[in-house]
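Heads up, there are several structures right after this.
Both complexes below contain chain A, partnered by chain B and then by chain C.
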Partner chain A sequence: MKKVNYFLAALLGLSIQFASAQVKKGSVLIKNATVLTVTEGTLENSDVLVQDGIIKKVGQNLNAPNGVTTIDATGKYLMPGIIDAHSHLGLDVVNEATSPIVAEVRMKDMVNPFEVGIYRALAGGVTISHAMHGSANVIGGQNATLKHRWGSTDPADIIMQEAPRTIKFALGENPTRVHGRGNGIQPRTRMGVEAILRNGFNEAIQYKKEWAEYNAAASQKGNTALSPVHNERLEILSDILDGKIIIHCHSYRADEIYMLINVARDFGITKLVFQHTNEGFKVAPEIAEYTMGASVFADWWAYKFEVYYSTAYNAAILTENGAITSINSDDAELIRHLYHEAAKTQRYGGMTDEQALSMITINPAKQLGIADKVGSIEEGKQADLVIFEGHPLSSYAVPQMTFVDGVKYFDIKEDADDQRMKISATEMVEPVMIYEGHDSRCMQDTESLFETTESLFLLNQ
Partner chain B sequence: MKKPLLYAGVFCFMVSGLLSSTLALAQSDPSGKKPITDTYAITNATVFTSPGQAGVKTTVLIKNGLIQGVGNNLALPKEAKTIAGDSLFIYPGFIAGASDVGITRPKDPERPDDFVSSNPSDEIAGITPWRSAVDQFSIKDSKVDDLRKVGFTIVQISPEGGMIAGKTAIVLLGSENSTNILKENTALAANFRGSRGMYPGTAVGVMAKFREVYDNTMLTSERSQKYSTVAGLKRPEITPTYSAMQEVTTGQIPVMFTTSSDLEIRRAISLQKEKGFKLVLTGLEEYEGVLDVIKASGAAVLVKLEIPDDKAIKAQKDDATAEVKELNARVKKAYDDAIAQAGKLEEAGIPFAFSIVGVKSGDIMKALQKMIASGLSEKAALAALTTNPASILGLTKVAGSIEKGKMANLILSTDSLFTEDAQIKHIVVDGIIYDYETKAKKKAAKDGNGAMKIEGTWEYTSESPAGSSGGILVIKKDGSDYSGTITYDDPSGAGKATSDIKNVNLNGSSLSFSFDVTASGMDITVDVSGEVSEGSYDATMTVGEFGSFPFKGTLTPTLIANK
Partner chain C sequence: MKRLTKTFFAFLLALLPVMAMAQIDGEFIKPRPGKFLLQNATVVTITKGVLNNTSVLIEDGKIKEVGANISADGAEVIDCTGKFIYPGMIDGGTKLGLVEVSSVPETVDYAEIGNFSPNMQALTAVNPNSVAIPVTRVSGVTTVLTVPAGGLFPGTAALINLNGYTPDQMYAGFKGIVMNFPNSGRRGRFDRRSDEDIKKANEKALKDANDLWDNAKSYNKLIADGAKLDYYPEMAQLAKATTGELPLLIEVNAASDILAAIKWVEGKGAKVIFTGVSEGWRVADSIATAKIPVITGPIQALPTRESDRYDTPYANAGKMAKAGVKVAIRTDDQENVRNLPFFAAFAAAYGMGKDEAWKAVTINPAEIFGLADQYGSVEAGKVANLIVADGDPFETKTNVMHVFIEGYRMPLSNRQIRLYQEFLDRSPGLKVN
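Moving on to the complex of A and B:
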């Protein structure tokens, strides 16, 4: 009888593995760590058992089932995988900058699992990044949430397929520079940005109505209804209005943040997260009340005019006012030490360990709509874990191992000098860019749009 | 070299071509171009009728553009001109799955005054499915003969343009007096290139736009269908884009997506899965990682007939540090893997043909030889050039092998194909025989290290429609590399101009180099490539887009004795 059960279990296990295709799921027992669960306190000298990619048990004196590797983490810290709510890693194209609204474009089409930055992020304990469209458009493309399963060659395998849809919005200088100043079309000012948003949503309402009317008529016998023109752009906007997509909006100034809150309220949109949000501290209560919070830099500003009024206390003020707050990188270098960035909120604002760690784990998970699956060490959640030597908020912290779905993708002891997956056959030395400067990725692929402006400028010289 | 002269020359050339073609139709033939007979017997040649077949000593009879028979006991008609084939090897003529030979990019349409870059018209945005490659093709382009010389007799020409460039067509590389069209509207050429400075500007925009065009084509067909059967309907809006896209959405013709890398291949296949169109993947350069994906998709495959350039490999130095050596080894492996891919495709059981879009004719045989040396079987290589493209292009009944009733498209070579010494002596296209000069390989002048000696001062002459010109080519040796200068008639006035030569590449007796010429403010790169033997250089000079011309050089003897 027992044997039959075992056989059945094996069979079922096998079929489950087949069903979930190529995505690898691992089993591991991590013993005697200081477990920073983030949501359920700190557990000294505790074990975490992972089976088939899921956290099965958190406790003490756990035993490894047959065939499950045990890792002794005595004296080390175990925390949930770090989540970066704003990144452009692993994308072949970042900006389709050519129109003020490009809601129809999908970053999932452009995912590049070969980008070595993904491995570097793993080496910094980051297991999930939000691969966003750039900020050249008022309404940019649909983003992809990536799980850093380094070594996969199929883009589909590093996309977190169960994550909800998100979309990029952008306010202020970037869209007005690209479209207004660069191309002489709306929006030239922040007023224009608001007009683009309101017109877009109103058109989407009409579009949806047109299709609803057509569909109703088409089912009648002998009807003379002809289908409207398909417009993917308006269809996506209409999905936003229906609450099917979370907005992640690039923003800096308090006035524009408040503007979008009002637009969202007018159109009944509640799924809204602000990105960058340098002046978020001025409208923190409003952000807390009406949105899913803000994802901010720890201390990065003054790279352009709209980013001068900033403070390193921003994250703490937002948190104390009840806004869900996360710290992001927006950068392939910064992503490697987001735990340092989170620690800065302790120096500037006196955040507790739990508050600071939340900003790079459970809070970004909430903003991406995946907090029920990742972002903390809880039984039943996906086993995205990082083992640290030293407390992750210490300046001396060094990530040792990083797991995604219980599979180890980074181990400092097995870290080879050259981790690239793909090598060019025709280049002796491939260009390596670690620091590209802020805005370089956010505004990637927009160069050609400035040609007109530049030539006009040169004409006047 | 003078650009205005060159234009004038090309123009005169075309006019004379036009005149002769008209005259050829007249009963009397003062041009002397009309062949005496269209019946040929190539006797006692070694004939390879199709890939995998051993060569058989036999006779091939051609009549009226068709293969009349293959065998030893054929009754040869009296009018048959006999070609003694005793020393010749005959193969079916090559077919290219995709080519840009003879294609001239159409002029960009003018932007209207009220042009809005976020919403350009289809034509300006590169969405021109109604265009046909036939309208962009000229059989008189000098590149046609360059390609024929390598063995190609039929090509599918792909139009130039934006993301949806237009329809391909299948043409023969035959007579200048014929349209040479075998089939029109054979596939829709598409790629992931965005339009510069307008929507869609990038691959991500192109994918979104492709979906939109596709979906609206379907809706338009639906509306038109209903409009033709139900009364009292508003007139559906028909656009050239939707009309021309219908052949794709109804599955009559495939979409031929240019996809060079594995990620692009996956993108095209994901669109195919979403929309359900027939797919041809073309221009594949990097595909080893997606063989199973390609196989599962059922898409036809056209591999780019090119190997990666070996500059990075050649630049590797033996005295590098251990770290650099490790990195070098990875580059070398990537290079070797890239060349071995075609063999892997064969192993995976995926029948493929070749795309020669953007490929120099002169490099084709070398690329094939390298692929064969790295694991591709000769049978599969020949199949990729004959039977596979015939099947992909729907030409199996008329081309791809040497059989009675098929088109007389043949390669007559001096040795078995793909061997280094093989030279093509005649090409038969549509029954017309084209003769090419073959040379006995001479013993080459060698320097002390056994390499061909090319350094020194060469005098050269070049022939172009603008006339004959020449100059001095100086080649110097620095270490293992070569550099030097070349003089030529100054395009912007009288006298001679001088340019540095670059990319000097000596491989066995093959020497190639290039140099830049500035003419009327335009930079043109001139590529020269050919064979060196005993102080003479017999080469072809390719002048940007203007065509290829003969280039002959003689090494001036030095006063310093050879050691």
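Moving on to the complex of A and C:
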């Protein structure tokens, strides 16, 4: 039986690899741009040669090999593809809100490559997004890192298969509202949130021990040991303890951030990134010392009580204290202008161009564990690139073309207006969606837990 | 009794050293009125071009003089060499001051119960001490329309300056009755009604609007004829819109609704302003022909339809302006009204152009509100709402260096800045344990 399982698993693994092998890779020569490499300074009048999806050469007077298209970017800016460390784009479902711990669910099973928001993100220069589980649970589901290969219809093709595993955690108002006040179970307070975490990890340690004992016994001749029952939830928690999964934790208040740092240290967990982190500035030295940093909004605040004592200077304070800091969207609209969100750190804290650009490129790449592959313009890295009219940190900047793996997926001059890949056969009249505030989906799919959709609307960050 | 008094004084005396020791650190900088001479700047007047090496004199809350050689006599001189002076920006639609924390209902004061409550006064509920107000004004936004929401006639909006200790001190001279024009589209992601239900609701809302309007007209007629009517404050307020005494701010967004609204206002004799107008670009010529001014926004928004080009919300304001519509820009926000200059920049970059975008946050809203003689440009005689910056205030790199509201020099601080000052270099820092 076990052998058959292994065989099936191997087949499944093979089929996924087969699928990702179909991903398109492009070649292109971009000439005479102002190249914002992010990690290696700004190169005036420079060329970038891409071959088979990889940045082959960065320099001057490069020539296009046979069959490789040349794009003249004179007077334009070239930067690495923008990376959003917090998004819910391209997901059919966001929250499995049924238990304070749902580590077993996976966003990669929910990927929807047809969502037009992916194209709209590309039109804002975003090539990679971290498709996260929602914030209804203390330990949420596993996230997926997406590459915006718009036009692919196979979910596997827009998943960045080589990215490490990550998982969503959430502290504060959302999990206590859903479980404590919604379902009448722990946690109802920030004390309960800590208990859920510690209990969960201790249970996982026990589970690991039972398996270790069983495996030791099973290798003995003539043993009669019964195997422990497989528990996927505890398997995932064990993987977190073993450092195989990066935690991305929804958090706002300094006390809860500090709590998780302590819990992580007690359990020997070092792969930890804080998300939102509005009060991160209060514990910036601790975040810098013990974690992989924080991914924050540029200026969102006051939409709920736990973000009332926020400051738009958060990213600057974190950066000055040495924490890896990224700017994220968590929002289908905001993701369209992350370059502008990053630019706000120049008004609020005087960040340099390089610091501001890092917050949407190499820093989120570090937090997602993919900085060796993307996040800067360096030879050998994947060719995710954006051409801008105007400096990307100018309020007047307009993205012109966006490339993923050297393939152009957005061109302001050539693209059709209507980018839908799928059109509803049942809707006679196309719905007109009128703006009614921020459209974050952190609390999507928890509607049934609340009296009215309106109350959800207020609570959806 | 005497003894008691004695004991009391002894007690007070004992307290004295404690009171003397109690101290309050730091000086609180208050808004400060005065005579100020902003010397030798580049003045972007909006209405009279760009003036180099020009000074602006502020006195008695007004712009006293704009010129090259102004006497500094008795004035506090602020050297503005290499700096730019602009009029304070006006946000044509916000909920600023009406809400403190969106998710805490006790702090949300923009939506009263009921479908017909035009007599609800936004100005009454404005909290002059809202933390968001100083957060907003350091960006150079000095004046906002603050607007009630919810229902068919949710209330009366008011224009406020972002300085003052009472709503009346803040009031900037414009009020308008808000109408949410019956919406034939979906209300957003969570609206799961069927097409049929939406249509029915839309028809009912239109009928309600017509009935109420007719009643308001009858109300006026009966009053004029000397009839004695029951106390009906809602109707008394709406009646002011039917005569044009108060303008009607019609919130309308979908293209078909905009066309329906244009038809609806025809011959009604109301002073009409359209707000929202997110699909205005689809019917821009019709709006221009109807000569109805528009307050549009937010600019940073998603397209209204899946099939729309990604940049339609950025380009909307510019397309309407090009068609001849008078356009003002709003954020439709509460805590982040500070983003108004950036919304204007996006509109500028996607077709509106910088000059027109500046007008859309200064002179155009002033004209739409009937206050162009007081606000919206740097001209002698106008209210001294001014900003001084070291560059283009639409750019995030630019520092806004001074803000004047009604001649008051505003402190450029707020809670977000104070948190920055406290926590940038925290002490104690990291305590290794």
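One rule holds in what follows: the second predicted complex is superposed on the first by the 418 of 461 C-alpha atoms of A that agree within 3 Å, B and C clash if a C-alpha of one lies under 4 Å from a C-alpha of the other, contacts with A are read in each partner's own complex, and residues count from 1 in each chain.
FYI, contacts are C-beta pairs under 8 Å (C-beta built on N, C-alpha and C of every residue); 3 or more make two chains touch, one makes a residue touch a chain.
Treat the numbers as computed from the prediction; the structure is a model and nothing was measured.
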Touch check for A:F305: first (chain B), second (chain C), both, or neither?
-> second
Name the contact category of A:M191: first (chain B only), second (chain C only), both, or neither.
-> neither
In the superposed arrangement, which partner chain does A:A216 touch: chain B (first), chain C (second), both, or neither?
-> neither
Should A:V105 be classified as contacting the first partner (chain B), the second (chain C), both, or neither?
-> first
Mind working out whether A:T224 is in touch with chain B, chain C, both or neither, as first, second, both or neither?
-> first
Of the partners chain B and chain C, which touch A:D417 in the superposed model: first, second, both, neither?
-> both
Name the chain, either chain B or chain C, that contacts more residues of chain A.
-> C
Is A:P155 contacted by the first partner chain B, the second partner chain C, both or neither?
-> first
Is A:H340 in contact with chain B, with chain C, with both, or with neither (first, second, both, neither)?
-> second
Pick out the shared contact residues on chain A: the ones touching chain B in one complex and chain C in the other.
-> 417-418, 420, 427-429
Quick one: in the complex, what on chain C touches chain A?
-> 100-104, 131-132, 183-190, 195, 253-255, 276, 278-279, 298, 300-311, 332, 334-336, 338-339, 341-342, 345-346, 348-350, 394-399, 415-417, 419-420, 423-426, 429-430, 432
Quick one: which bits of chain A touch chain C in the complex? Just the residue numbers, please.
-> 116, 119-120, 123, 173, 281-282, 284-286, 288-289, 299-305, 308-313, 316-317, 320-321, 332-334, 336-337, 340, 343-344, 346-349, 390, 393-398, 417-420, 427-437, 439, 447, 453, 456-459
Complex contact set, residues of chain B against chain A | 116-119, 196-205, 207-208, 211-212, 215-216, 219, 222-223, 226-227, 230, 232-234, 236, 262-263, 266-267, 270, 289-290, 293, 308-309, 311-313, 315-316, 323, 326-328, 330-331, 333-335, 337-338
Quick one: which bits of chain A touch chain B in the complex? Just the residue numbers, please.
-> 92-93, 95-100, 102, 104-107, 109-110, 112, 114, 141, 153-155, 179, 183, 185, 222, 224, 226-227, 229-232, 417-418, 420, 422-429, 445, 448-449, 451
